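In the two complexes below, chain A is the common chain; its partner is chain B in one and chain C in the other.
Now for the complex of A and B:
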């Protein structure tokens, strides 16, 4: 039994209070916007809303969804995220499996060359304009594939998965090979099922990245065919020209509706985050820290 | 074990990733020659006029770009400094929380902002920081202070950018330190306790020294990011009022390139940034390897 001294007890209490304050600082802005989105605009205008809705109603949500471009944008975002997640997991995991074998007898010839190829791709690229020109030249402009393909291989995710694969006990695959399994079977029936923590982690990263990504949507898609985050960018981020204009914008653009728009954009993240949160700490730690 | 006969399957599994990278990362690199041309869209890369280093010369003479480079460095360095301190400090403190439930709850909340996009957070901050009726300014007024135009005042914009970045990332960034702390041998603490070391002494003589390799890695790798001041964040928070202090290389490349259509100049600026970043990251990686034995592959 550890003896805890009085000053230590004081420190613990003090520390707990600081931690609670930090946690509050992180979610209070969100709570405020939720409260605004659920309050009547009269209460919002009178600056009465802090962290609890006043005159609770869902008017701003129905109003936001009535905007004819809103639902198609959500649908495009859903498709794009699903495509990126599915293809991304397959492509990155397959490559990670191969690279986790290393060179030498178990792996592939030219291992170092492939590693170099990915490392260079992680560190250097053609930059905004050349990439933009390529994507439009090969006919992807205004196609969902322009949002999916260019970022499909993420070398950070690849490394995370690869390190997890490397840590799996070698005996498992060796016994499978003895029983006559081939690489594809070992990969799909043994490595993938054993790697759920890292797949959940990387999957969460992929969903978050793709759902939140707005820039590619703004340069590769036509104005009426954009994912939700790109649409939100144009709806929410009104350029502020000067202080007096701010008031104009606040009056024109109902604050409750804007808050509702912001929250609809954040909703999928808020929903999946708590479910996957418990996986990712373990997933990152295993992928990032090596013995 | 003999080389397996089905290793061709390995190549097959690698092909999709290699193709994506070749097409979408390596092919655009060819377009970098634009930086040495006076690129005209209707003439294409093959027929546009070669101008050598003209675009780069322009980059260093153009008053705006000097200001932009300086803004980038300043914002990135401030973020690096405060980000590092807040992340490390938070990791040390949360590690001292004994109640598991409290610890998990706090972590859940402080990690959350990392997963929200700057578009969403931009919307939240515009609401929160509004000088007229934003909650923050109402609170300041209640305390008898003047309202502050956080997003529209050149002097406050820097503060807003750095503090919102710290706010978004301090929790999430602490994961790497927490992992390293979890890896410290508990016997060290037991020995220190037997020698009569208090909590403070233990942190000073065991936890912090054990974290030095991780700190070196985090610091050197983030040093290589000094030309990345955060396009996503700046782009979602800034406006013409704060171009003077808020415009960074990436936003500048976007405005000059895609908005003004000056492809060659914008590519040259981007190339300059990429090359400097590449040199920095390779140096940082080598340093991290030497000092902390850090290796990716």
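Now for the complex of A and C:
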């Protein structure tokens, strides 16, 4: 039986208190938003709602889903996230596999050039106007590819995966080659299954990123064909109130509806997180260790 | 091996730099592609252009715009009306939300990427408009306006000559202002009527009475909950003194003879900056006194318009200055939780020396920017369309826009217009936002005349109703009793128009403003707040004025007056 000393117990208690506080900081705002989305708008405006709904109703949710652009926006976001995730993992993993071999006899010609290219691309980008020009002039305007392609290769993700690949024991790879495998087989049959933690991690990054990213949607897409994040951004931006729209503001400027929309928007991420979390911690740590 | 690697790397770098060079040079080409045009037959039959002419445009999406029946900016009851009745086909290339900065970002991207501009579009932000004017890609509208605009439209704009000023460069007009009614944007004093009655008090006529009323609102428990949780006066002053439509601060400073953050003529006829006028010092001293007595909120420096709306809804506010629509919003929210709680509009109390000052809004909301490359037909078609929008003022047909508002703003039942929200299938949908300008065509004096008639409950003639037609309303909406407060506030506001101070500086930001304005505004807010919070004595104001002048303020004043000399 293990004896816990008093200082240790103190530390445990202290630790628990800190952790509970941290958890509360994350949960409390969420509860508040949930309460707002379920309360009447007058109570919300008067700032009476804290953590429990006042005059409970589901009006905000029906109203939010009634918005004709809301469901299409969700669908576009889902498609975009799925495409980005699938293609992004393939592209980044393949690049990472090649780069993890390094230069020299086993590696590739121009290794340093490629690494340089990626590093330069990570540190500098063309800026808003050239990027916009590129995307629109190659005909991606108002197409889902404008949301997927520009951010497909993420150098940060690539480096995470590359370091993970590098950390895999070389002997595994060599044994596969001895059995007659080629690079494709080693990559798909050995490296990918062994790299689930880092793939889950990077995948989670990608999903969260793509789900929340709004700026590309606002400049590359037409107003009636935007992903959810862009739509939410425009819904939440408070319009200037003046005589010409005050009647509408009185009806529409409704924090409950916005809260409901935000919650619906955040729901997928909230659901994905707990599932992927166990990979998440392992992935980050392993990816960070370098030999 | 080594050489091979080097080769690959160098070629990559080369490819990269080449591609960026191509991207940059691309922008200059498309500007000069104007082809000589042979004007096609432009025939107007019964007010309709035959064959229809297309105008291309882009749109900022107003977050308060509603659509129904599957309509959108691209295709709706108004665009169909324009095509069927006027022969003007409105083609919207794209739209983007204007509530955040997306619309302006996209406009600027469109300009800098060298894309062809649409024929015309509305721009709201001064910086965006100036960027386009400077780009040289806009049509000088001076001649076109003289040639094609109807007499009614010209007369309407003539009433607000200063509305052109922001859109002029070297004496030429580069955009057409979109007018708005300014009466009603001035503050009246809104007082909680139920509290006033309960405490047996009167609306204040002087500064002393104002203070007495604030004192009662704070200390005599007007809401009867036994707690000291009310404030006498609500002010929005977070980050800036002016600009909040509710909780306006301008009239409070105006009681002491100055308006901060606004340029207006001083005794010598030159423009002076209100923030550094001596009256401000007394006003700040007074605000400090009020804060110490609890007349204004303890965290007043953090109140913005939304906070004001919150506090009003929570029933904590005794008085505030604000525009005419106070009771529609946020007043209606307050009434939702407390039906007997109403605010009534009252004239502002007399200032310290008997004079009042308060702000009045600019007479324009935005401007129509027309591309230099617009075809002659499209240009004429635009004027044909806009003239038709102004035709309401020559008509005595309140239903002049047939089929355009019926079923959206109102429905016709038994030959009469019904404006009841609940009676209109699919809900009330304001159609004036579907127009090219995104708002109604305003003829200020005629609109005001009709509004005042409504306020006084005088019978409206058909001609009056026609003047309201572009807004899609047909007289007072009796189904919404809160509208009556708005018209009442118009009547109260119009009694004190001597107090109105407009923004006289309408030019683009001057050189020194661009580099210094942010710093100077921060300095001003810091000083004001410190004095109001009692961290510094009121005398700190004098030091601020000196510092403001030496930190670029004098240069700005000079530049502003140089501009003023060109328009005076």
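As a working rule, the second predicted complex is superposed on the first by the 247 of 291 C-alpha atoms of A that agree within 3 Å, B and C clash if a C-alpha of one lies under 4 Å from a C-alpha of the other, contacts with A are read in each partner's own complex, and residues count from 1 in each chain.
One rule holds for everything that comes next: a contact is a pair of C-beta atoms (placed from the backbone, for glycine too) under 8 Å apart; a residue touches a chain by one contact, two chains touch by 3 or more.
Every value quoted in this text rests on a predicted model; they were computed, and no experiment measured them.
Check the residue A:224 against both partner chains and state whether it touches chain B (first), chain C (second), both, or neither.
Only chain C; A:224 stays clear of chain B.
For A:48, is the partner it touches chain B (first), chain C (second), both, or none of the two (neither)?
second
State whether A:262 touches chain B only (first), chain C only (second), both chains, or neither.
After superposing on A, A:262 lies in contact with chain B but is clear of chain C.
Kindly classify A:13 by the partners it touches after superposition: chain B alone (first), chain C alone (second), both, or neither?
In the superposition, A:13 contacts neither chain B nor chain C.
By the touch definition at the top of the document, which applies to A:29: first (chain B), second (chain C), both, or neither?
Once the two structures are laid over each other on A, A:29 reaches chain B alone.
Considering only the touch criterion stated at the top, classify A:130 as touching first (chain B), second (chain C), both, or neither.
both
For A:107, select first, second, both or neither according to whether it touches chain B, chain C, the two together, or no partner.
In the superposition, A:107 touches chain B alone.
Which touches a greater number of chain A residues, chain B or chain C?
Higher number of touched chain A residues: B.
Hey, what residues of chain A end up touching chain B and chain C alike?
Shared contact residues on chain A: 47, 117, 126, 128-130, 132-134, 219, 233, 237-239, 241-243, 246-247, 250.
Which of the residues in chain C come into contact with chain A in the complex?
The contact residues of chain C facing chain A are 1, 4-5, 8-9, 12, 20, 23-24, 26-27, 59, 61-67, 70, 72-74, 94-97, 99-100, 102, 105-106, 109, 112-113, 115, 180-181, 184-185, 245, 305-306, 309-310, 313-315, 323-325, 328-330, 332-334, 336-337, 361, 365, 430, 432, 439-440, 480, 486.
Which residues of chain B touch chain A in their complex?
Residues 1-4, 6-7, 9-11, 13-14, 16-18, 20-32, 34, 90, 93-94, 96-99, 102-103, 105-113, 115-117, 119-120, 122-128, 130-133, 135, 138, 149, 151-152, 167, 171, 175-176, 178-180, 182-183, 198-199, 231-232, 235-236, 239-241, 253-254, 257-258, 263, 266-267, 270-271, 274, 277-278, 281-282, 295-297.
Of all residues in chain A, which touch chain C in the complex?
Listed in rising order, the residues of chain A that touch chain C are 40-43, 45-48, 68, 103, 109-113, 116-117, 126, 128-130, 132-134, 136-137, 142, 218-219, 222-224, 230, 233-235, 237-239, 241-250, 252-253.
Spell out the part of chain A that touches chain B in their complex, as residue ranges.
5, 7-8, 11-12, 15-16, 18-20, 22-27, 29-30, 32-33, 36, 47, 50, 90-92, 94-95, 97-99, 101, 105-108, 114-115, 117-119, 121, 123-135, 138, 149-153, 158-159, 174, 177, 182-184, 187, 208, 211-215, 219, 229, 232-233, 236-243, 246-247, 250, 255, 258-259, 261-262, 265-266, 269, 273-274, 277, 281, 284-285, 288-290
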